[in-house]
Amino acid sequence: MAPFLTNERGVLLAYDQGLEHGPSKDFNDKSVDPNYILEIAEKGKFTGIIFQKGVAEKYYNGKVPLIVKVNGKTSLPKGEPLATQNCSVKYAKDLGAKAVGYTIYLGSAHENVMLHEFGQIQQEAHELGLAAIAWIYPRGEAVPNDSTEEVVAYAARAGLEAGADAVKIKYTGDPESFRWAVTSAGAAKVFMSGGPKAPTDEAFLKQVKGVIDAGGSGLAVGRNVWQHDRPLEMAAALRQVIFNNQTVESALKNFSR
Amino acid sequence: MAPFLTNERGVLLAYDQGLEHGPSKDFNDKSVDPNYILEIAEKGKFTGIIFQKGVAEKYYNGKVPLIVKVNGKTSLPKGEPLATQNCSVKYAKDLGAKAVGYTIYLGSAHENVMLHEFGQIQQEAHELGLAAIAWIYPRGEAVPNDSTEEVVAYAARAGLEAGADAVKIKYTGDPESFRWAVTSAGAAKVFMSGGPKAPTDEAFLKQVKGVIDAGGSGLAVGRNVWQHDRPLEMAAALRQVIFNNQTVESALKNFSR
Amino acid sequence: MAPFLTNERGVLLAYDQGLEHGPSKDFNDKSVDPNYILEIAEKGKFTGIIFQKGVAEKYYNGKVPLIVKVNGKTSLPKGEPLATQNCSVKYAKDLGAKAVGYTIYLGSAHENVMLHEFGQIQQEAHELGLAAIAWIYPRGEAVPNDSTEEVVAYAARAGLEAGADAVKIKYTGDPESFRWAVTSAGAAKVFMSGGPKAPTDEAFLKQVKGVIDAGGSGLAVGRNVWQHDRPLEMAAALRQVIFNNQTVESALKNFSR
Amino acid sequence: MAPFLTNERGVLLAYDQGLEHGPSKDFNDKSVDPNYILEIAEKGKFTGIIFQKGVAEKYYNGKVPLIVKVNGKTSLPKGEPLATQNCSVKYAKDLGAKAVGYTIYLGSAHENVMLHEFGQIQQEAHELGLAAIAWIYPRGEAVPNDSTEEVVAYAARAGLEAGADAVKIKYTGDPESFRWAVTSAGAAKVFMSGGPKAPTDEAFLKQVKGVIDAGGSGLAVGRNVWQHDRPLEMAAALRQVIFNNQTVESALKNFSR
Amino acid sequence: MAPFLTNERGVLLAYDQGLEHGPSKDFNDKSVDPNYILEIAEKGKFTGIIFQKGVAEKYYNGKVPLIVKVNGKTSLPKGEPLATQNCSVKYAKDLGAKAVGYTIYLGSAHENVMLHEFGQIQQEAHELGLAAIAWIYPRGEAVPNDSTEEVVAYAARAGLEAGADAVKIKYTGDPESFRWAVTSAGAAKVFMSGGPKAPTDEAFLKQVKGVIDAGGSGLAVGRNVWQHDRPLEMAAALRQVIFNNQTVESALKNFSR
């Protein structure tokens, strides 16, 4: 994970929502354009950017370290969630990636398919010198609540056991409970999944602060940055919380300038 | 997509309806013959022609750039739509193809199978120097309406994310809403799917004009050309709308000659 | 298909009923023996003989061009029909085959499996210099009637699109309607599937005559020959209808000798 | 099949019941030990011995020709029967096998999986110089009775068509009906499946005699030998019936010594 | 199994519960850390340690022989149990493993998938010089009770037949019945599965003593050691029972020191 970390922490700009949720749900005229995202990533000093292969192939400019997401699904199908590999690790590397990302829907009736595929991807990634990052999302009929301390810690641990160099997991709601997830992840870095746009900047930054306080490495954030009308200020605020251990109060001052 | 474009626009002649719908539904004594289609493609100055492997192998004459469709299904089976690969990219290339086409039924319960296969096909195509074109058709129980702005834009975007060089999608009904699909497709070229024979030439050309006005690259058309009793006049009309930015009114004059 | 044709027509002796229907349904003490069939094939001047791999391996004598059927199923299982590959193309070639045969149950819920496999088999066959023949049988819950003009023409066309050099399809009942199937098959040769033993020789020969009149290339016949008590006379009659364009009346004279 | 035959007949000692039925159902303190079976096989002059890979690897001593069974299942799961490959042909050969065995549950909803796998195994076996033996057991909801003349003959024939060098099938109950199965198997050798311990030695030997009278090559027997308290006498009796065409009456004298 | 045995017996420290049950169910602040486990393994003189690939890759220090578990599942999904391969044998070897472990849910509707995969893994392991250990857990709707003498012996035997060098199975409750499982396993070593934390040390050690009395090789234990507040004393007690044939009474004295 070294290419994505500064003093063992990182802030990754996620941009695969076009596949996962569709443009109409998440994008506006500005954020629909990958170049806009690339600009934010560079100017906002993100330590990594996350694209699906198609966006990477047609837009990536090499300025911010690249993570290619190698599976994905749309939000359309019902039933137990399943996303299978859509990009080889070698192809991701050829596109400039320093890491691959893969979603495992833990608890899905198809869980075994994804644990199996991730096993192969992780091996190939390490053999080619890339990091392997697991998005671990407990989901499906067997998972009534995906944000409890127990479930989030299970996700974190499953990522470590499966060989992930970093896991992207949901926030539990408070640093005390999230600490258990971080502890469970052991040597795997923990990144909070940014999730949908938070109601207020303060609310969002408090989550991020909670992740850092709990020992997490940072977050992978999309909508809370590029849906923001002041994305670079949000990026600056995030950097202060993540890399400089500043308070939320202090970080919020970016928006008053 | 360069082999199929003139000034970034193109008009492709689609002819895989024999597999998708059956000859009795779409063909008459003339259009059942691939040679008739090849003649229209050449004389009508189409920038590309779309065949399944069997028709390509037995009829293709090298005069118009070839796209081999590498999956397909009949209209017979019920249930969630699924079409899997029936032709390797290498074989398509050996048949003379400059691109491969592949249908993804977005939202189908089998969506992941097609996203997975397209991922492999796209990589192999690019490694062999071919373009990869995605027919993206949201369909199945989870998709009550496949022509809304939101659904069509989702299709367009999924194509970009999956690595398609061009997407073939349905028209939304008006250029304003279709523009969002074109924007969502980003660097992927957008071709309207011609669909069933339109009630009038004017109605059809208005759709095409709408695509162009919305920033699309053109269309892939079958039945509205080769089911037409004056296919070359229709081809001329399409060229005027697509390449010369002429009005529908002006293009319709082809039929009055 | 050249090895199997005389003046573009052919008559193939089919003998995979042991797997498809079981010996008790179709065989008697004579016809159960592949050597009896080989003798009929040779003396009856058939232009091809169709075996499953096991019968080919243990009995084939090289006297009549061989087609190895590379999938098959028994009549026992209920549910949507599916037959998957049981013999590689290379192995078929090593057994002496000049062509491979493969059944596609069009309209089956498993249609895509068979279209996918046939795609691979067709490619491998052509790369090794063998013809690829598709048995195309619309079947399953979605196909209430497999002998209508529309359905049979769909089968024929699907074979062409899939890359078959020849298709084996059911007869529609009259040459007028069957002609549409032949037209739809285009450059793929059309062979009627012989089907169960016909009530009278005349009835059967009329079907064959109808195929020829409709432009078909001939037929693949099993039970109507080797269940016949005078198989060589039936073979002679078939040759006269198929290769010499004789009438049914004239051909029937073989039986009065 | 030459390594397993003496004058075209053979008697094979089967010992995969530990996997198929479990030790508690079929074994006692003596028969649970593979060395006990190996001793019977050698002293009883069996022409072949049948093991799963694990037993072969840890116990086989090279004294009696070896058949490695390359699929298997336990008796625990309900539903349509399916057993898939658990040992490669190459590995079986490395363990000393001169043949591989594979069970096809004909009529099962998964029939196609097993016909497909057996096709690959048969080819690899022949390429490596091993015989391919098919256990053909019609079973599943579609098969109400697996011992009728029609069903057993179907099994025998399917084995021939699939390329088996020998088939292992159930006995029909009398030599007249079993003869049809033998005839249907053609050039494939027919071995009766020994089945559960018969009520009397006479009853069992009568079955074996019936197989021989019907033209069969012998039997593959397990429980009726190694569950017997005088297994070598049973072996001697079997040899007399199988190789010396002796009567059941005469063979039974082995037990009165 | 030689690397894991001392005088044909062994005691293995299992630590894949993070994946199988989740950290919140089984771990506390100490046991959540793989380094704590490694320390216990070394100081407690365990003859082997069992990790999933991720923990092995990030923590393993080479001091105790390593078994990499190459499949696994979480406890979240309902339905018939299935765990598929998540680590190649070669990768396990590269991580330092001297053996691979694989769980087969005998009796599951997916049993055949696991028997098939284990067959490949066992072969690859032996070709690379590793032992292959099978966790055999009868489970699923078809298995109402997984601890009866009959079911446990079936598990043991299936492991032998499948080629396992050692099996990890549940205890039946008493040495008399467990002896039948040991006998059924034949040349495959038998390790008891430690299971959940026992109510008392005495109860647990009695089970272990029963295994040894029944002829077993030892046990694979996790929670009963590293959930214990005196894990090294428990390790010492286990060693006395397993390697020195001491009584439970005598072994319990470790805790009174």
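As written, the chain order gives the labels A, B, C, D and E, with residue 1 at the start of each chain.
Just so we're on the same page, a contact is a pair of C-beta atoms (placed from the backbone, for glycine too) under 8 Å apart; a residue touches a chain by one contact, two chains touch by 3 or more.
Here the structure is a predicted model, which means the values were calculated and not measured.
Trainee: Since subunit D and subunit E are copies that touch, is their contact same (over half of the numbers shared) or different (under half)?
Mentor: different
Trainee: Quick check: how many Å separate the C-alpha centres of subunit A and subunit E?
Mentor: 35
Trainee: Counting only Cα atoms for the centres, state how far subunit B is from subunit E in Å.
Mentor: Each chain's C-alpha centroid was found; their separation is 57 Å.
Trainee: Could you say which residues in subunit E touch two or more other chains, in rising order?
Mentor: none
Trainee: Could you classify the connectivity of these chains, where an edge means two chains touch, as line, ring, star, complete or other?
Mentor: Chain contacts: single closed ring, each chain with exactly two partners.
Trainee: Which of the residues in subunit D come into contact with subunit C in the complex?
Mentor: Against subunit C, subunit D makes touches at 106-109, 111-113, 115-116, 118-120, 122-123, 126, 138, 140-143, 149-150, 153-154, 156-164, 180, 183-184, 186-188.
Trainee: So in the complex, the part of subunit C that touches subunit D is made up of which residues?
Mentor: By the definition above, subunit C touches subunit D via 16, 18-19, 22-25, 27, 29, 32-34, 52-55, 57-59, 72-74, 76-79, 82-88, 91.
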